[in-house]
């Protein structure tokens, strides 16, 4: 049961990354691509927390902390560039 | 023609790499015997350095000289960038669009949080993943966010230069102190403390604080120079 | 079972990473290429995490996704955005 | 006895402190490289007697060699460090007068760090540490080539940066393969693991190829020297002098150290010889066809690199000490040439050789220095170039193979070409005056300032002294050659 | 406790998947922003909190991570939406309401008056 | 399939290295070339970390008193990669500043058009 639920998490979150990636490849405008980047960081943060749970090491949560607080800077920078505000 | 040559060269390099990698299978225990450096670090680092994070122990004590070099490389990059972009003509153009209210407020709110996270990361470098370098980058990212959020924000470049200069000197002086204490350069001459607590591991936290401040100041100065927001 | 799923995930991530690198190669819009670069370094950070190197993952994440992207974007702002022929 | 680690720690500390000193006064900051190099000069020269018999092994962090990083202050390392400090001292004094505009403090910091990187490369005994110092050397030279910020400088810097970073990436791949195979990074430990058979398996051969190709970019051996003429001719004069005098030599040192000490691969020696001769011929031919004097000097550096690699590839005591002697004499002479050329170009306002006409009357001392440097480079007897070339020729003939006799004939042919183009300049400077006869006002003496003349004079003295009385240096270089040829002493010295 | 956490995490994973699907399938940037903001914030929040419930020792750290996501995600998505609007990304033709256009017209009218 | 399972990290590393080198060799735009450089460096880093991995190992951090040294991955490549990442970002920043400067002089970043010095 526990194994099945872990597979469930991995499959669904991993599929989320793949879908965002396809949007990044397809995306007509740069805004679409940035959108995909922003979403994929959120999804990856969740994936890292789940992986830390599966690997049973609390210290891995620090990586998720950095992801959660830092990753949005990249997309904000690109957004500011797109609205000519840099 | 040019890309054909490139492809041929790449094929040669790829083949060479593949041949090499077949000689070191993925996941094999290549540090099985005790005289290998990696095995030695894993087994001896907690006693010899007092640091729970072995990577930190390797970075700061066993291979501390590398770290001094790495900090120097970043210093060179910051100074070289300032030199290359020195006193060029200002770009004319429309003034940039100010950030929206939400973004400004969010940046002001998140800026101290990011700084705290950075300081946390480099203070706990010997206990949890992370260390001086990562913490410094996080601090610099905080300043980057502040630049993006507030269009008219400028930093006093001199303060940052003084910080990086002092922190770099502190690193070298810590090394020299090891030399003066009768050991060798960058020796861990301070008491090790209780394992797995904040105040442990001798000079590792001190050097990590120096590295964190230095890296943070350097990267911030680098971004400010690129954005023409210095001074 | 779990191991198989994990292996498949790593293979999928590998494919995505290489596809992202190829995308960065073929995109004419440099901002899009930079976004693809950020994707690649994000996935590289995930790889480092999966290889049990949290220190490196943290460094790669903070450098690759935030700082390098910002430096690239600022440089593109100061030069030209599209890759001319 | 002084600890050799101070050779690195003191300049690094000074470089970190320089921005603070610049708050007080920019004038103080300008003297920092001079102070650092003076210190290095004194320390390294004072260390030479004590390292002649057995190398000093310095631990860092208090850990024994295979686990911690160690410095190996053997005769070769200390000799090269002394040469670096000497040339660096001369050029930094020259820089006090020459570098006036732009970000001067940043220039001096980067200059000091470049020399520190070079010193680190020649002293370290750990292969990844070598890579880090090599990167310090490379990155600061990328930035310094673009110092003046003009069109050519930036373009040359971009070119140099791209090729150099591909090279260092390839070298890092080689290091990664070595680590994956042996699980250690200490050069002596790797050498011990490779063993003495001299036969490398495929993996090791590929690692060696990656590392030689990677570090060879800085050494500018034949297929990898596309960046050199542009970078050397577009940089400011002191930087050209350092790049030609020091940086290339450090690249050669790394290649030689890896081939001889780490891998001990005799199969590579013949390759080195052939590459050397090809590089020599290509460099001299290209130099002959140049009209731009700095480009000409840069191509001449390529030729000299070829000669040095050829000599080192012979792998006999005579050959190696001849090559090392050539390294020293070329470092002195080429930096002297670039320094003299810097003010000649500054006064005449053009880099064309034809614009140097009549320089012999306008700047007699500078021109005299240039002439002596050129004679030394060509290998005329009373100067430092002669013993080096003589030793190389003698070593090649001592091999008693027809191939080497043929190759040394090619080398001498290259030397003749070299003599041709240098005499062209000397003739232009002394024997062709401006067409219209001088009015007294126009032909006034415009000598270079004292701060620029003093280092040139110092280098000149060394060139003549080495040429007249080379025996002590040759004895020193013989023990360097013994260090290179005797891997087992090196391994035993480091690992005990 | 374990079951509750597992269920929460599963809900979160599901929402993350649905949000990503929305990113892929919806027609234009503004619609995709919906999915990208709401769904993924919700999903990752539940995922992380679920893990925190399953491992009680980690709860506070997980809560902090979740709060950070809760703080940063809306900001970046707001900036993105504004960027798309300012850089002139067109709406999908199937849209019925365009409040930003209405607002622009309203403001122009007011300035004319 | 099992070959892929075994070696997917290596494939990623080598692929990144090759793609990065290809971009650097074949592309004309300087920013593209720098992007290629960053891929090249990332690829080398993945290669180093993958070479240091030990099957069944965990992160080399003694966060619990009962952690065993035998169950950990090799810490040395991680320390090396930390250094390599810093060097990479330094080179990247310098290259981009040179690109900005080059654009000011020439008004283009196309390396085939900038030919004052005979590339």
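A, B, C, D, E and F label the chains in the order they appear, each numbered from 1.
One rule holds for everything that comes next: a contact is a pair of C-beta atoms (placed from the backbone, for glycine too) under 8 Å apart; a residue touches a chain by one contact, two chains touch by 3 or more.
Everything quoted here is computed from the prediction, not taken from an experiment.
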Joint neighbours of subunit C and subunit B, given as chain labels: A, F
Distance in touch steps, counted as few as possible, from subunit B out to subunit F: 1
Pair exhibiting more inter-chain C-beta contacts, A-B or A-E: A-E
Centroid-based (C-alpha) most distant chain relative to subunit E: D
Rounded Å distance between subunit A and subunit F, as computed from the means of their C-alpha atoms: 21
Averaged-CA centre spacing for the pair subunit F and subunit D, given as whole angstrom: 29
Geometric centre distance via CA averages, subunit F-subunit E, whole Å: 32
Overlap residues in subunit E, where contacts from two or more other chains coincide: 68, 72, 75, 79, 82, 86
For subunit F, residues that touch 2 or more chains besides their own: 9, 17, 21-22, 50-53, 58-61, 63, 74, 76, 78, 80, 82-83, 87, 89-91, 93-94, 96-101
Multi-partner residues of subunit D (at least 2 other chains): 128, 132, 135, 139, 142-143, 146, 149, 154, 157, 173, 180, 183, 185
All touching chain pairs, where touch follows the definition stated at the start: A-B, A-C, A-E, A-F, B-C, B-D, B-E, B-F, C-F, D-F
Touching residues on subunit B, where the partner in the complex is subunit C: 53, 55-56, 91, 121, 129-131, 133-134, 137-138, 140-141, 144, 219, 222-223, 226-227
For the subunit C and subunit A complex, residues of the former touching the latter: 1-2, 5-6, 9, 12-13, 16, 19-20, 23, 29, 31-32, 34-36, 38-39, 42, 46, 49-50, 54, 57-58, 61-62, 65-66, 69-70, 73-74, 76-77
In the complex, subunit B residues that touch subunit E: 97, 99-100, 102-103, 106-107, 109-110, 113
Complex interface listing, subunit A residues touching subunit B: 59-60, 62-63, 65-66, 69-70, 73, 76-77, 80, 83-86
Interfacial residue positions of subunit C with respect to subunit B in the complex: 53-55, 57-59, 62-63, 66-67, 70-71, 74-75, 78
